[in-house]
Amino acid sequence: MVKVGVAGYGVIGQRLADGVVLQKDMELVGIADLAPTLSIRALKERGMPYDLYLVEGANKAAFDAVGIPVKGSFADLISKVDIMLDSSPGGVGAKNKELYAKAGIKAIFQGGEKNSVADVFFHGYANYEKGLGASYLKLTSCNTTGLIRSVDCLDRHYGVDRVAITIIRRVADPGDYHRGLTNALQMEKAPSHQALDLMTIMPQVEATGILVHTPVTHGHIITVVAQGKGGKKISRDMALSAFKSHDRIRVVRMEDGFLGNASFFRYARDLGNPRGDMYEIGLWEDSIVESGDQIMYAINIPQESVTIPETMDGIRAALRMQPDSAAATGETNKYLGLGRWK
Amino acid sequence: MVKVGVAGYGVIGQRLADGVVLQKDMELVGIADLAPTLSIRALKERGMPYDLYLVEGANKAAFDAVGIPVKGSFADLISKVDIMLDSSPGGVGAKNKELYAKAGIKAIFQGGEKNSVADVFFHGYANYEKGLGASYLKLTSCNTTGLIRSVDCLDRHYGVDRVAITIIRRVADPGDYHRGLTNALQMEKAPSHQALDLMTIMPQVEATGILVHTPVTHGHIITVVAQGKGGKKISRDMALSAFKSHDRIRVVRMEDGFLGNASFFRYARDLGNPRGDMYEIGLWEDSIVESGDQIMYAINIPQESVTIPETMDGIRAALRMQPDSAAATGETNKYLGLGRWK
Amino acid sequence: MVKVGVAGYGVIGQRLADGVVLQKDMELVGIADLAPTLSIRALKERGMPYDLYLVEGANKAAFDAVGIPVKGSFADLISKVDIMLDSSPGGVGAKNKELYAKAGIKAIFQGGEKNSVADVFFHGYANYEKGLGASYLKLTSCNTTGLIRSVDCLDRHYGVDRVAITIIRRVADPGDYHRGLTNALQMEKAPSHQALDLMTIMPQVEATGILVHTPVTHGHIITVVAQGKGGKKISRDMALSAFKSHDRIRVVRMEDGFLGNASFFRYARDLGNPRGDMYEIGLWEDSIVESGDQIMYAINIPQESVTIPETMDGIRAALRMQPDSAAATGETNKYLGLGRWK
Amino acid sequence: MVKVGVAGYGVIGQRLADGVVLQKDMELVGIADLAPTLSIRALKERGMPYDLYLVEGANKAAFDAVGIPVKGSFADLISKVDIMLDSSPGGVGAKNKELYAKAGIKAIFQGGEKNSVADVFFHGYANYEKGLGASYLKLTSCNTTGLIRSVDCLDRHYGVDRVAITIIRRVADPGDYHRGLTNALQMEKAPSHQALDLMTIMPQVEATGILVHTPVTHGHIITVVAQGKGGKKISRDMALSAFKSHDRIRVVRMEDGFLGNASFFRYARDLGNPRGDMYEIGLWEDSIVESGDQIMYAINIPQESVTIPETMDGIRAALRMQPDSAAATGETNKYLGLGRWK
């Protein structure tokens, strides 16, 4: 049983902790945070299923005041784990890295950190081998993680030379009050970083893209225009067949009621998934269209939870728990119940 | 064990079914619906924890096509239960009532039906006694249910003569595509039906109010201006003390992170509540202000789940499982875990 | 002076009327409508700058009750004009066509009608010649009109073989209460009708696309991936130079403050444009990126007013006021002040 | 002709400048700003109807680069005017005040500044006399300005002892990208500052209130519960009659199509008002309800433009152009066309 800690118990950190607990070959030692946030208060109301450690700068008296038990310091947590999943606010992870290095433990950083924080910019399917034994991995961001799942899927089956993407980005998470957009679409300078990141992970593909922020909270939608390798046409049926075979892609139809990003959110709530989360990206069967030798399709990215599976893959890579991608992602999928719905 | 069925497995019906399952003195016999909606598909993916019966007009072939097992007809379900919780679309409940009458079973209708469908317009705290042994109850709507909790609470403690309410109404549920509002606030003719409904349930109180629809999905917010009985002042401390003693009112503070309706939604998700639901209304301690002999405060209404506890109370009343309100609501609260957080 | 009438004084009809008034070679005879809507009440408050005629079914007493003067019947209006601009609700135009035919006048229908209502599906730049002398034209919809402006621009300059578009569609107009979407993105089955419509108007181009509805009211945004004719690369500079030469395309930069669709709306208000309208599509210079031999860019479509110039072109075509596209669009642009900002 | 300058040509500043130009007894000397914002670029595209002066810190080269002519420095502008309308970003006005004091000119600050910046916290109707001859006035904020119009109206007619308000606040202006809220309602600690501000301006009234932010951009809505003086009842008819007599209150009905805040925005656009602005608050006739001796009603506040009339009143007061409120507000109303619609 490898021992895992989580730094930063926010939107991502909570889901990382839950994800680790589901892996039968991993043990969650505890989580670390700074203040008695709503998430920490909820943890207390749940009876502290996870031990809480305080990072430097935390005011223990604030936790005592509301009766939240504290197990120890961040250093205590670090001393007990093989690897730390760092989902601290952007920039803090880089600072924490010094502590990890001193303690000789490995770490996986989330998308908010700069690429330079890690030895390897990582995706469980697309470049698992690069992560093998690495000390520091950085996960791709939520959009890039989901996007690569679909492009890697086509690339493995048929080869892909080029993609042009349009990201319709949700601007905040449910519950966010520190950011938002009201009745406006907002552009970002092209090309989007997700296209550039895809090329870093999959250098065999040329990618570009445009990102537009929209005032919604449930799931990004990305349209992808992909060109087959060497101009070879990827037909609608070929694409559909490949997508349906993937355990982290949920192929759905509008006519069955999956009308948009909010349908996935509702469906995951109705499934009884904790927090109404979904690990799979959605892919609309009735969005797939051909254009000459290009194939176009749309996917849904559940931004809060989509990176959890690939982070579990990352643990398996960094700690050499599995030698290859297929075995590692298979283990993760099994423990998270992915592919079970088919 | 009283036997309970649920007609209409939509937003409310799912939560009614889940709520019944938690009552140790009730048995959920099954649920009935018309089409393989997303909610029914999710039920299937969960392994059919609840038996499915088909209402008249349902196309069984459509269920067979996606492999959803069907237990029987609506008549079959009706024949097996003591009481039916009817959360069919508005108007259908009145038609269903004829079937219930013929079978000699009782029923509780949700807020979408007309008052005339039932013998008693019901609220678990405010008029439990009226529901004792009644054949047909109609629950107050989500806003009215939550509003009455707070007004009844003040009335029982100190007496209330009059309230003037402003309802800031969420316009759709998460996942809704059949209704919505974009960048607009929408008025309704005053007085709002919630004020009129409150007077039906609590005839000792004079009520009026204005309702404004807002383009959000997580929780209505209501402000209440209440006048104490006979002009007696209800002070801020008196109100706070009464609210804190109520097991279905969750008193919170903005400074702790409960910034608005979305905070409650996030908190309930982080608590691990199924679907991220919350049965309690929220009440902001830092919203309570005095104005002469009047007290003013704001509450949050989790529209999808707030009526579940009072519906459970209704079952206890209609089937005379408990003779009085305090005992009945106490049982419901115990099984739903309400008041546990204190 | 050709005589023009407008049927249906709603969002589009008002702007058509205003547009006709600005054409020095046209005369607005009057507008026709059914009920004293807010728009008609505003016309009255402005002192009835346009004469009002009532369509069949209108209740004249309702107009009298609020003191709105009525000039005559729809038949009266029809008898006085050479051409009618029909912006009635979808489906009504087809019925009106019978009246136009009987009276021997021409008509231009807006995008809400079926293509079959007209002899020619029309765009001022892309197929002006087809509209010459035609009795019945149908304008492309707002998205298609703006999209074609940009694709036709590239096609005329460099040739275009294929486009793949992503339409991020605003779901309602400012002031709409009859439709809306709240915190959700909504898919439409692919390919989008706009891609199909583009191919009808520009048969030399292969087009496909995906449309996603978003809960905003100010301006659609479309991303376009275009492939040059015969695989010839259209570079960023080539595209930019072509777009900048177009009088109905406003090339802007994010760094200058044009951050999204709402910036255009605000800018047009600050310009003092009536209703804060803009006739030009926006095109972000910093959205243009290359991908192999393809060029990708993003445009903004001011949905309420974008079809007005092409409708004026249509009048010129149908009534043979100008023999060719360049002369006709030039006249329209001069009277509407397009290109003036350069 | 009194000479007026405007500092800060943003959302409010533009409207102040436009408002001054409409006053036949005032002359707009010019406006001052810091950077070539979209608003300044629009001014240039309009042909510089207003002379532009640059405040300290402005980079003149940036204006030159886009061909925006500059008339002089902020000091130049100050030296030419009798009074400055300061709508600089919050806090800057206080700094500017030193310049005004040195130059011996008067100034009116907008709601964003602290009350201490001014000698008098001012409202054209409620305390005009206090502003007579004052050197520095601060206008009430948009919500408070509109709220006081309605409460002062009732108070002058019948006397008011107490109000309890609920402010449903729009969170951003159309075009804003620097603030926003997505699918969330946000509370503010009670009592709201608008209630406290009302008491400062109208000390004879006791006020409290709760404010909730909503994700919309067109117009705040406020509900008011008002108690007549000495317990005397203000009936629905009495209230309606008073409101209808007020030139800055536009009484409308939902049944005529005024469904919410967005209806006012659309109506003002259809009226051809510059920027689609409206100076009047809206008041829904069908929102007025009685509750015992209290009266309740709802108003609409067009946040971008509502303070313009009261600022014009302020100029008249500070420069002693009119001795009393009725004459001064009458002049303002005449020049702005208020009351004309009746």
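By letter and in written order, the chains are A, B, C and D; residue numbering begins at 1 in each of them.
Criterion: contacts are C-beta pairs under 8 Å (C-beta built on N, C-alpha and C of every residue); 3 or more make two chains touch, one makes a residue touch a chain.
Nothing here was measured: the structure is a model prediction, and the numbers come from that model.
*Asks:* With chain centres set to the mean of the C-alpha atoms, which chain is at the far end from chain A?
*Replies:* Here the answer is chain D, farthest from chain A.
*Asks:* Between A-D and A-C, which chain pair shares more contacting C-beta pairs?
*Replies:* More contacting C-beta pairs are found at A-C.
*Asks:* How many angstrom lie between the CA centroids of chain A and chain C, rounded to a whole number?
*Replies:* Inter-chain centre distance comes to 42 Å.
*Asks:* Could you work out how far the Cα centre of chain C sits from that of chain D, in whole Å?
*Replies:* Here chain C and chain D have centroids separated by 36 Å.
*Asks:* Measure off the straight-line distance from the CA centroid of chain A to the CA centroid of chain D, and report it in whole Å.
*Replies:* Roughly 47 Å, centre to centre.
*Asks:* Can you tell me which residues of chain B touch two or more of the remaining chains?
*Replies:* Residues 174-177, 182-184, 186, 215-218, 259-260, 262 of chain B touch two or more partner chains.
*Asks:* Give the list of chain C residues in touch with chain D in this complex.
*Replies:* Counting only chain C, the residues touching chain D are 14, 36-39, 41-43, 45-46, 174-177, 182-183, 218, 256-260, 262-263, 265-267, 269-272, 274-276, 341.
*Asks:* Which chain D residues qualify as touching chain B in the complex?
*Replies:* Against chain B, chain D makes touches at 161-162, 164, 166, 168, 170, 183-191, 206-210, 212-219, 221, 223, 225, 227, 254, 259-262, 284, 286-292, 294, 296-298.
*Asks:* Considering the complex alone, what residue numbers of chain D touch chain A?
*Replies:* Against chain A, the touching part of chain D is residues 171-172, 174-177, 179-184, 186, 215-217.
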